Structures are given as C-alpha cells and as structure tokens.
Amino acid sequence: MSPKRLEAFSDGVLAIIITIMVLELRPPAGAGFDGLRDVVAKLLAYLLSFVLVGIYWNNHHHLFRLVERIDGGVMWSNMALLFCLSLVPFATAWFGEHPGKQAPIISYVVVQLSCALSYTAMTLTMLRIHPPDGLLATAIGHDFKGKLSVGLYLSAIPLSLASPWVGVALIVTVAVLWLVPDRRVARTLATKDAGPGAGVSAGP
Amino acid sequence: MSPKRLEAFSDGVLAIIITIMVLELRPPAGAGFDGLRDVVAKLLAYLLSFVLVGIYWNNHHHLFRLVERIDGGVMWSNMALLFCLSLVPFATAWFGEHPGKQAPIISYVVVQLSCALSYTAMTLTMLRIHPPDGLLATAIGHDFKGKLSVGLYLSAIPLSLASPWVGVALIVTVAVLWLVPDRRVARTLATKDAGPGAGVSAGP
Amino acid sequence: MSPKRLEAFSDGVLAIIITIMVLELRPPAGAGFDGLRDVVAKLLAYLLSFVLVGIYWNNHHHLFRLVERIDGGVMWSNMALLFCLSLVPFATAWFGEHPGKQAPIISYVVVQLSCALSYTAMTLTMLRIHPPDGLLATAIGHDFKGKLSVGLYLSAIPLSLASPWVGVALIVTVAVLWLVPDRRVARTLATKDAGPGAGVSAGP
Amino acid sequence: MSPKRLEAFSDGVLAIIITIMVLELRPPAGAGFDGLRDVVAKLLAYLLSFVLVGIYWNNHHHLFRLVERIDGGVMWSNMALLFCLSLVPFATAWFGEHPGKQAPIISYVVVQLSCALSYTAMTLTMLRIHPPDGLLATAIGHDFKGKLSVGLYLSAIPLSLASPWVGVALIVTVAVLWLVPDRRVARTLATKDAGPGAGVSAGP
C-alpha cells in the first residue's frame, strides 16, 4: 500500500476542516462596527483552531515524508485522527459562542486531547511496520513534546473547572510550544535533509 | 483515458462528503454540559457514516490500484457511486436527529444500499474492459463480502419496520464486517505486493 | 505556464461545487416518510445539476489532456467558467424549492447558458495559442453539440414563459445529449489514444 | 522541505475559500423574479471576491514555480496568508448584505489589506532562503504593484469614511490593476520560460 493517496486524501480533509470553521463567522445583523464585537471571540477561537490544525498538517506532512509503507492499521488510525480533527470545528463553534464558559472549554480540550492521542496511536501503528532503528523511529524518538501536550490537556480539564481561562491559557501554551521553532530540529536540518522529520510527534 | 484524474476527483468528492457531515453537529444553544446530550446521537450517526464512507474510500483506493484503463462507462458509474455517497450526509442528518425512528433508518439503509449497488455496478463496468483472468478480476473474485452487505441491507429494510434498532444493528454489522482485517487479504499481501487489491468489492 | 496546477485547482473547485449542492437537501422536520415528499423535487434538481456538472468535469478533463500550453487568457477564461459553474448550486436550490415555477427555471437556464458560453470562450482562448491543425483544434472541430446546447438553452428561455416544464424538458435533453456515448468519439478512441478528446466542446 | 505538498494544500484551501462564498447566495424566499433583486448586490460582492482570490491563486501559483526550497518560516507565513484569505468569505457576506455601508466596506478593505501584507511577508520569508540574485528575487523585484495595492487599500480606509463607494472603487481598481496583462511579464515570457514568475508579488 502506497502512502501517496492516503496523504492526498488527508490533505483534502484537513484543508476542508481548516476552512469550514470560517462558516461559523456569521456577518453581524446590522451594518455598524458595534456588530463586530460579537465576532471577536469567534475570530480568536477560529485563529486558535486554525493554528492547532495547521500544526497537525505540518507534523503529518513531516511524518509522511519518512513513512515507507502503510497497512490497514495505519490507514484506519489515520482515519481516526481525521475523525477527531473533524470535531474541532464543532468544538470551536461552541467555544467561540460562549467564551470563558466551563463546558465549551472542557469540550474543546477533550477534542484536542482525542486528536493528540489518535496522532500518537497513528505513530505507534507506523512504528510497528518500520525498522526500530530507522529514520522514522529516530525522528519520533521519545516524543517529549507530544507527551507534554497530552499532559497539559489532561491537567486543563480539572483546572478549567476552577477557572475556564486557565484551560484557555494551557491550550494556547500547547500551540506556542509547537510554533516555536525546535532548535534540535533546526540542527538536524542543518546536518541532513531528512532532518525536518526530526521531532515529529503527537501534535498539539 | 487515464484513471489518475478520475481518482483525484473522486478523492476530492469523498473528502468533502466525509467532512461536511460534521456541519450537522451544531453547537448546543446553552453553555452547559446538558446541551451535549442532544449531540450524542448525531455524533454516533456521524461516526457510523464516517466509517462507512472511509471503507468506500479504502476499497476505491485499492480497486483503482489494479485498474489499467477506464472508459465512459466506468467514468459515469463512478459518478453514480459519488452521487449515492453524497446522499449519506443527508441520510445521516435525518437519522441522527431522530434516533430509533423507522423512516430515517430505512432511508439511511436505502442510501447505503444504493451505494453498495452502484459500487458493484462500477466494478462490473471495469471488468468489461479488463482481461477476465487479470489482477482486477482475481481481486474482485466472487465478492462474497459485497454480496453479503447487499443482503444485510436488503433484510434491514423489512426488519426495521419491526424494530428500527435491528436495522441499526445490521448496518453496524456491515461496518464491522469490512473493518475486521481480512485474513485472505493479509496472506495475499504477504506473498505479493499487488495483494492489497485482493478482496476489494462492493463496499459496505 | 503549465496546465497541471490549473487542472488540479479546477478539479478541487468542481468537486466542491458538485458536493455542496447536497447541503440544500435538509432533513425533514418530522420523522415520518411523508416528510420526504418535499425532498423529492430537490433531489431531482440535485441529480440534474450533478449530471450537468459531471459532464463539464468530463469534458474539461478530456480537453486538458490535449492542451499543451496555457496563458493568462486561458487561466482567466477557466476562472470565468468556474465562477459560472459555482452559481449552479444557487440556481439548483431555487429551482428545487419551487419546481415548475417560471423565474427559478429561467434563472437555472441562464446559469447553464453562462456556463456553456464561458466553456466555449475558454476553448477559443485555448485555440489561439495552439496550432490550427493540431490535436486540440481537430478535437474541438465544429463543436456541433456545444452549439446545439447553446441553442436549446436560448430557446428554453422564451419557451419557459409559456410553460416552465418545457424549459425543464429542454435542459434534460441537453444532459441526455451529452450522456449518450458519441459514436464518433468511440470510433476515434478505437483508432488512436488521443481519441477521448475528440468531441470535447461547450459542455451541456 | 519540499514545496509540492504545501502547494497542494494551499490549492485545496483556496479552492474551498473561493467556492464556499457561493453558499451566501441564498435562494429568494418567493418564486418571482423580484426576489432576485436582493441577490444582485451579493452576487457582485461575490464576483469581486472571486476575482481577488483568483488573483492570489494565480500569483501564488507563479511564485511557487520559482521557489526552490521552503522552511518553517515560509510554511507558517503561507498559513497566515491562508488564514487572512479565509476571512474573505466572511467580509464578502457582510459587504454583500449591506452594500454601500461604511463598516462592512472598511472591514472588507481591512481583510484585503491583511491578505496583501501577509502575501508580502510570505515573499520576504522566501527571499531569506533564496539567493539574492536568483530567479525568485528577480521576479519579485521592486514589487511595484504590490506596494501600490497596499497604498490603495490604506487610502481606502479613511476615504470610505467620507463615502463608502470611493472605497469600493479603490478595491475594484486594485482588481483591475492585477487583471490587466502585464506587458513586462509578457515580454519576459517571450524571452524565457521562467518568465511567468516575473512580476509575482503582493497580490491585490
């Protein structure tokens, strides 16, 4: 089974997921600037989700450059990741409509957590059919960032019960964590071309 | 006529079909957890449809790896399949809004049945222009799974009149039937690379 | 300028156009079979548009197999075609909601006419930068079907004023005209591989 | 990092952005021609946005033909451009619903300005990793059109306060500016094939 068409299909689904979120930004009813006030929270929620899905696309892209073969397990674990990511627009819409409210933020975190866990599951099904000392295994490595992200999401659930804004802060932290260029990756990139795959992992 | 662009177009349509279903998951009106209760049935209906469309994508992908040429008949039978699959979001939305009600479930089964039949029709138009002892013919074979799926859908229609949940159970059975890895496929895979096409058939 | 990316972009837009039409098929409010009655007209309107857009995709696909180069003129005439085609979902929605009413049917015909004319305009901008005795020129030829389609659309406008159903019949005629396999094309196909391009023209 | 998949992903997102705008064109409530009157303004707003996004696609396409390598900076500046462009459907919907009103037009200009600036930012991140005397640097050059567009957008903001229609006129001017074939580009095209990239710049 060749990874090419799976990659193209995933790109298509990711492009749709990242774009349909904008359909939630309804134009204000009136024609005055004050109508934009209600849009601001939704716009920020959309921006956050855009960045998080963008990070997944980026990591997915790097990961698949190192994948040499796929099987039914990889195919379906990739499908599971796409399913979880497809729930992001739903969670974003609720979160953007009720900024700072407990239930929407916890739901948002749970969706992001499911994405991170399914991404990890996908890398594990990939490792099973790749050599343990190959490029893919080296690149995934200990997956520190992935584990840290899962930890941050897990702690965001109870902490959002105390204050929803702490939950928001933790999600933003995860996004920043992945946006900041990785010095280790940059170093690997400088030494060899296969480098960009280094550090690919469980996504945000 | 080359199958490449038909495959890319089909991938695009399938990616859109599988993703727009999530637009039916409207965020609850309130900001409390109890608002999620209404979403659960829709989410499960979406998950079921996601898996069924995913199986079609998977089978379509395998099938096209073995297709050497296409003609107008294949082109239009593929279009017919895409048309039937594009009705899945509609059927899912109705089914998810009225869980356990007769008419929505029977409609859902009818749409799935039309997908399975058009998939079979597509394989038949393909076989017409391929050698009867070629890879494609071998891979499609007796298409036991495809025939079984059609049989299960056909029996689901009258049985849903008795109890809609029996219909749901039969649809889930079809999905599981296709998700469970096929030992025969795995064996073929092990012996030669063309193997993943083995067992491709009428989809769920 | 290479035609490859223009083709891929057009495929993406066409895949979206053909699929978002299904978003108009709203699930009935109730859970009974009688709710489906209102859906029937919309479903038939969707089927008609699906076939017409499918014919464009098919013709576009054949045409681009013979195109050797493109320039800004081709690029923008292709964009104009995509713009006209993107109005099909709108026209379909109105037409499906008011079956047999004058204004929606005439609007539908006008949109289809604009698609046919912009397709013709695109072929003309293509011919300008291709040899007059080349494959593309031969394939487009006198474009009898294209001219006939434009004529049928033009006559459908006044005739719909008399009876909207005559307009519907004429649109269906155009669709059938393009669906019926072209004996001339089949013959060309048999003699050489460049054949599928033969008869490509102004679409429905 | 190879530019191919980034290009394909961007194409997917652009195809979706350019097409979902049509979802705002709701069919009129009644079945009479007078219902179309409200659609006209939305249709014109859609046409304008279609052309502007089309120009971005065109420039993006030319630019990437000259790009030899990308890095994380290019990846994320491309994502920022896609984010800004994804706000165009929102701005178009508001603008089309309230033609000639200040706030929607200024919002529309601000979104277009953000697109132009993020396109410029993307070209700058690209130049950083390409030779200063290479094809890309030559093609981008002084980017006169890009700077002029930014200037026109900037002046459109205060001028729309005086009269919103001046703002509309300035946006249309930018669109025309990019649609009119560039004599310099045509000349470069005639001398060498890398020519189409000449003049690629900050978009509308």
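To keep things simple, chains are lettered A, B, C and D as they appear, and every chain counts its residues starting from 1.
Please note the rule applied: contacts are C-beta pairs under 8 Å (C-beta built on N, C-alpha and C of every residue); 3 or more make two chains touch, one makes a residue touch a chain.
Keep in mind the model is a prediction, meaning the values are calculated, not measured.
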When each step joins two chains that touch, the fewest steps from subunit A to subunit C total 2
In terms of mean CA position, the chain most removed from subunit A is C
Distance between the CA centroids of subunit C and subunit D (whole Å) is 27
Rounded to the nearest Å, the gap between Cα centres of subunit B and subunit D is 38
Among subunit D residues, those touching two or more other chains are 8, 12, 16, 20, 23
Pairs of chains in contact here are A-B, A-D, B-C, C-D
Listed in rising order, the residues of subunit A that touch subunit B in the complex are 1-2, 5-6, 8-9, 12-13, 16-17, 20, 23, 71-72, 75-76, 79, 82-83, 86-87, 89-90, 93-94, 97-98, 101-104, 106-107
In the complex, the residues of subunit C that touch subunit B are 7-8, 11-12, 14-16, 18-20, 22-23, 25-28, 31-33, 35-36, 39, 47, 50-51, 54, 57-58, 61, 65, 179, 181, 189, 196
